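Order of writing sets the chain letters: A, B, C and D. Residues in each chain are counted from 1.
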Amino acid sequence: MARGFRQKIRQKNTENSGFGSNAPSGRFINKDGLPNVKRRGVNVFNRLSWYHTMLNLSSFRFLSYLVIAYIVINLGFAFIYYLIGVEHLTGIDKSDPLNEFVDVFFFSSQTFTTVGYGRIAPVGFAASLVATFEAFLGLLTFAIATGLFYGRFSRPRAYLKFSENMVLAPFQGSTALMFRLAPYKNNALTDAEVIVSAAIEVIENGVPKSNFYRLETQMSKINTLALNWTIVHKIDENSPFYGFTENDFKTTDIEIIVQLRAFDEVFSNTVVQRTSYTSNEIVYGAKFTPMYYPSKDNLTTVLNLDKINEYQKAELPVAEEVQL
Amino acid sequence: MARGFRQKIRQKNTENSGFGSNAPSGRFINKDGLPNVKRRGVNVFNRLSWYHTMLNLSSFRFLSYLVIAYIVINLGFAFIYYLIGVEHLTGIDKSDPLNEFVDVFFFSSQTFTTVGYGRIAPVGFAASLVATFEAFLGLLTFAIATGLFYGRFSRPRAYLKFSENMVLAPFQGSTALMFRLAPYKNNALTDAEVIVSAAIEVIENGVPKSNFYRLETQMSKINTLALNWTIVHKIDENSPFYGFTENDFKTTDIEIIVQLRAFDEVFSNTVVQRTSYTSNEIVYGAKFTPMYYPSKDNLTTVLNLDKINEYQKAELPVAEEVQL
Amino acid sequence: MARGFRQKIRQKNTENSGFGSNAPSGRFINKDGLPNVKRRGVNVFNRLSWYHTMLNLSSFRFLSYLVIAYIVINLGFAFIYYLIGVEHLTGIDKSDPLNEFVDVFFFSSQTFTTVGYGRIAPVGFAASLVATFEAFLGLLTFAIATGLFYGRFSRPRAYLKFSENMVLAPFQGSTALMFRLAPYKNNALTDAEVIVSAAIEVIENGVPKSNFYRLETQMSKINTLALNWTIVHKIDENSPFYGFTENDFKTTDIEIIVQLRAFDEVFSNTVVQRTSYTSNEIVYGAKFTPMYYPSKDNLTTVLNLDKINEYQKAELPVAEEVQL
Amino acid sequence: MARGFRQKIRQKNTENSGFGSNAPSGRFINKDGLPNVKRRGVNVFNRLSWYHTMLNLSSFRFLSYLVIAYIVINLGFAFIYYLIGVEHLTGIDKSDPLNEFVDVFFFSSQTFTTVGYGRIAPVGFAASLVATFEAFLGLLTFAIATGLFYGRFSRPRAYLKFSENMVLAPFQGSTALMFRLAPYKNNALTDAEVIVSAAIEVIENGVPKSNFYRLETQMSKINTLALNWTIVHKIDENSPFYGFTENDFKTTDIEIIVQLRAFDEVFSNTVVQRTSYTSNEIVYGAKFTPMYYPSKDNLTTVLNLDKINEYQKAELPVAEEVQL
């Protein structure tokens, strides 16, 4: 990872990132905003919050897990009823063992879901006891499923799309690092605030080390996040990138870490979304093209989300060589 | 939209509104507080948060959708059972095909709701399997419905009524823009805070452009939002409307954007409500009439919500011509 | 209400209370912390948030309403089934009309709760259709009940007991208004903050009028609200009560409004509780007695909540007559 | 508890801890972060929030309570049905009283869970009425269980592991008190903030008394709590421990109280965790060993949670005797 870096950064107040400065191993924040850290030790059950896990599953996987659990539980109970003996259940088709098992499986599912048609019903003590327990378990399971469903869809999320690349664009006679973001769902975000940091690898005493810098942006708060928002970090003397050439950007290990925080009016809650950009995601000499325009009747504004990654080439002003 | 505007506004610190300043297309914030923006691109499923959508439906539409979904799902399953064959269900009235279909429809509903009387019950493998799946789906559906109901009625909301109009009223020897609001439900709001902004269309180099200004108010925070609250923006030298004549108010594209934030003690959560007023909703030379009075026994205060829009004509002081 | 008041209060920065200053009608905040305001206008359904209402009911009334609703709904459906005709239900005891009605009532309840034993089951189209709808309604009702139960017991509350009286106690050679509060449940409150205001009635130009003052307290924030907390407002030159005699306290309309805000670690939420004290709840010349002591093994502290209202007489220093 | 303490602490601004300064009885905050206070008075039902209690139970105990409640309720209803008479239930095995009771027990469970096979079903008025009520109670019980499950697993928690000991380690030519913490689950904490206080017992006029001090730390906020975090309180002239010798640390009653507050992105909520360290948990002359390292492929960082308590001996600089 440690590519050559010309020691251009003057000492600035570095940030408390929560990442140690030694042993930088790959990026700090993954593209999806989670820290690039693996945990070891403790045992896996203590290390995982199953609730966080269930909330982060895709809908498809979540539903698949529910269906699989339903089938496995019913197979398990069917097996128990079968061991107890089909003679303790009324209405079983006893023509052959397979039919018997099929019928106890369906009896199990009718008990677990509390449908209980009664065409098949328990008569002995053992079968009745198991059925009593299974119905109880069924209800608790659906109680948990109810909570998980609610937890999943009521989970406050920002629903933001970030541009895939950062661009180095001309800005006010100088250059600026820019990226943009837009809410892509019918949510209403207000009081949006962005925090941008940079992790830059430097060589200190021959050892690679990551320094963290807070990047100042032209606007760091807006009232309403209704359209897209282009965040602009002007590269002036307060920027750690002051004096960087195109080659510096390409040969230095840079990671730009972005955190956006806003208030969602439907959830009435603060939502946070993070992402990060690495050196190879920075486009040198480009600017974003507009992504919103007036509607035909001129009464509303249209935001085209497919254009969020669109940029065009742009000439950068010649950077004066900085004296260090 | 761009009506003539006399360039009276002196340069002030404009606000970061989150709306671009070009291409103003209709109002920025709709009367209901949502931004006047349409999103395109992505596909419609990714662009809609169905949870936000379900929470914003009216009660009537929400219940209608539930009933329709219930009928459609049962029709679908009835069709499947019918295809499998009514001979795989006990207790079906086989007098004619319509009666058969009616009975499988009711069997389906008895399975989906897990009532499962058992007068009609599945006997074969295929019908039992479908019923097993339907009962499972039924429970998951009601799990989701439970979450939606809870999400809908536990959603923190401010329940504020805003006056339909703003008035330009005499105030402390000068004039002031006023509107008022009142909580109309039995909720208890504290620490209320209001933020008022104005979007004013100006012509710069022949191109219409919207500038955003924060409007200062006489009182922007109150401890308890128990009665109505009249928000007063005095038009003095700090106001972008300083020197505006009645004609200016009528011929300039103005939008006043209001955001109220408070703490609801029942939800124990921050609630936010927004609205906006446009030029044609501003009444020149009027003042609100009181809307609360002591009860007959003089032991409590009565707030009459029907009077929130009541105002009476009021003479404004003659505005001195402002030198620009 | 307007008792004689000697105009001793010097002009201070009054507070934005959210209550108008005219027409004070009874106390502002009731003992339970809710504003003493009645709302009129709109219609009653729009004026009540039924969710807020259900959350504020006592457990007994809440459960009673559920039971009553259950009985009424079943009676209604029983009536419908009875009108359709008992011949459309199997297993009805037709010995006499009362028995018939009793049986359709129980069929209704077995459908609404989705028990569906099947001893009584619908056979015709009309009865089946109504049962289909009733089972659906039953599930939705229990979905709503689930949400209400959760809303009720997960509602963040501070569970604070306030002393019934305020005392005017000797304090640092002067006097101070004191009251105390203690958490009475096994909740853990941190970062507690108290805000104390006073509404004092004054006569301006012959008209009674309420002024609001923020009362400064010796300590307004504490880290952990584990024991009781005595809040002390010293009556010095910054207090609106500076120079008040015992008679002034007794003859002036005073209302002390208290708001406590803390963070509950189980709910992970901010909780707020309010109360108010009026003139007749202020005890002149008294001090609170301690309410916590070490346990016998000296390893823990015991807080006796029954002592929260205990005070003893205490001599106050002679107040010097204040020059106004 | 009151061991000899040499009066070395110079007067500093003490903190508002919420604990009284008299009668220190054992530690203030237990290791699990709850205050070491017992409440008396009121009655036990008013003193306990059963919801807080249910949320704090271990999973095993919580499930056990549910199972026990299920059995007890069914036994109770079985007893009622038995008293009413088994002749009011169809399908009962009347071979002997025990079998009868077993069958009414299972009927009860089939009613409570709303399975309602119907093999056993009520026929008389009394039995039907009880069953009507039991099914209703069953649904309400599962409604409450649903809420409790959701409340339990959606409860925002920090999931932090603290090191068992504090160490007194060499730091920047001086010494520092250090402890460390790490998130041990797959949660993502941001904007973490730590507050460290010390309760130190002093003898004033021969009476032991606890003073509270806020301890300044080198870094009190970090952006991302992804790795472990070592919190460092440097013992310089601003520290209440300035000039303490090893013997002072061993013979003085010290309690270090730690509160960490962070934002969890999955819960979108603030989470808080507290703990405390007492004198005997402070290791004199030691430093923590690193607990994270690069992965083999050098692309990620591995955090080994089992190493959180690991430290090694470290020589401390000789503390100069402080003049008091």
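The rule we apply is simple: contacts are C-beta pairs under 8 Å (C-beta built on N, C-alpha and C of every residue); 3 or more make two chains touch, one makes a residue touch a chain.
What you see is a predicted model; the values in this text were computed from it and never measured.
*Asks:* Out of curiosity, which chains are bumping into both chain A and chain B?
*Replies:* Common contact partners of chain A and chain B, which must touch each of the two, are C, D.
*Asks:* Applying the document's contact definition, name the chain pair with more C-beta pairs in contact, A-D or A-C.
*Replies:* Of A-D and A-C, it is A-D that has more C-beta pairs in contact.
*Asks:* If I superpose the C-alpha trace of chain B onto chain C, what rotation angle comes out, expressed in steps of 5 degrees from 0 to 180?
*Replies:* The C-alpha superposition of chain B onto chain C needs 90 degrees.
*Asks:* Since chain C and chain D are copies that touch, is their contact same (over half of the numbers shared) or different (under half)?
*Replies:* Shared-number fraction below one half, so different.
*Asks:* In whole angstrom, what separates the CA-based centres of chain A and chain D?
*Replies:* 28
*Asks:* Nearest whole angstrom, what separates the Cα centre of chain A from the Cα centre of chain C?
*Replies:* Distance between chain centres: 40 Å.
*Asks:* Residues touching two or more other chains, restricted to chain D: which are they?
*Replies:* In chain D, residues 114-118, 146, 150, 269 touch at least two other chains, as defined above.
*Asks:* Provide the residue numbers of chain D that touch chain C in the complex, in ascending order.
*Replies:* Contacts found on chain D: 1, 15-20, 23, 25-26, 28-29, 33-42, 46-53, 55-56, 90, 111, 114-118, 121-123, 125, 128-129, 131-132, 135-136, 138-140, 143-144, 146-147, 150-151, 155-157, 195, 197, 259, 267, 269-272, 274.
*Asks:* Which residues of chain A touch chain C once you look at their complex with the stated criterion?
*Replies:* It is residues 114, 116-118, 146 of chain A that touch chain C.
*Asks:* Show which residues of chain D lie in contact with chain A when the two form their complex.
*Replies:* On the chain D side, the touching residues are 66-67, 70, 74, 93, 102-103, 106, 109-110, 113-119, 142, 145-146, 149-150, 153-154, 159, 161, 184-188, 190, 192, 219, 221-227, 229, 263, 265-266, 268-269, 292-295, 298-307.
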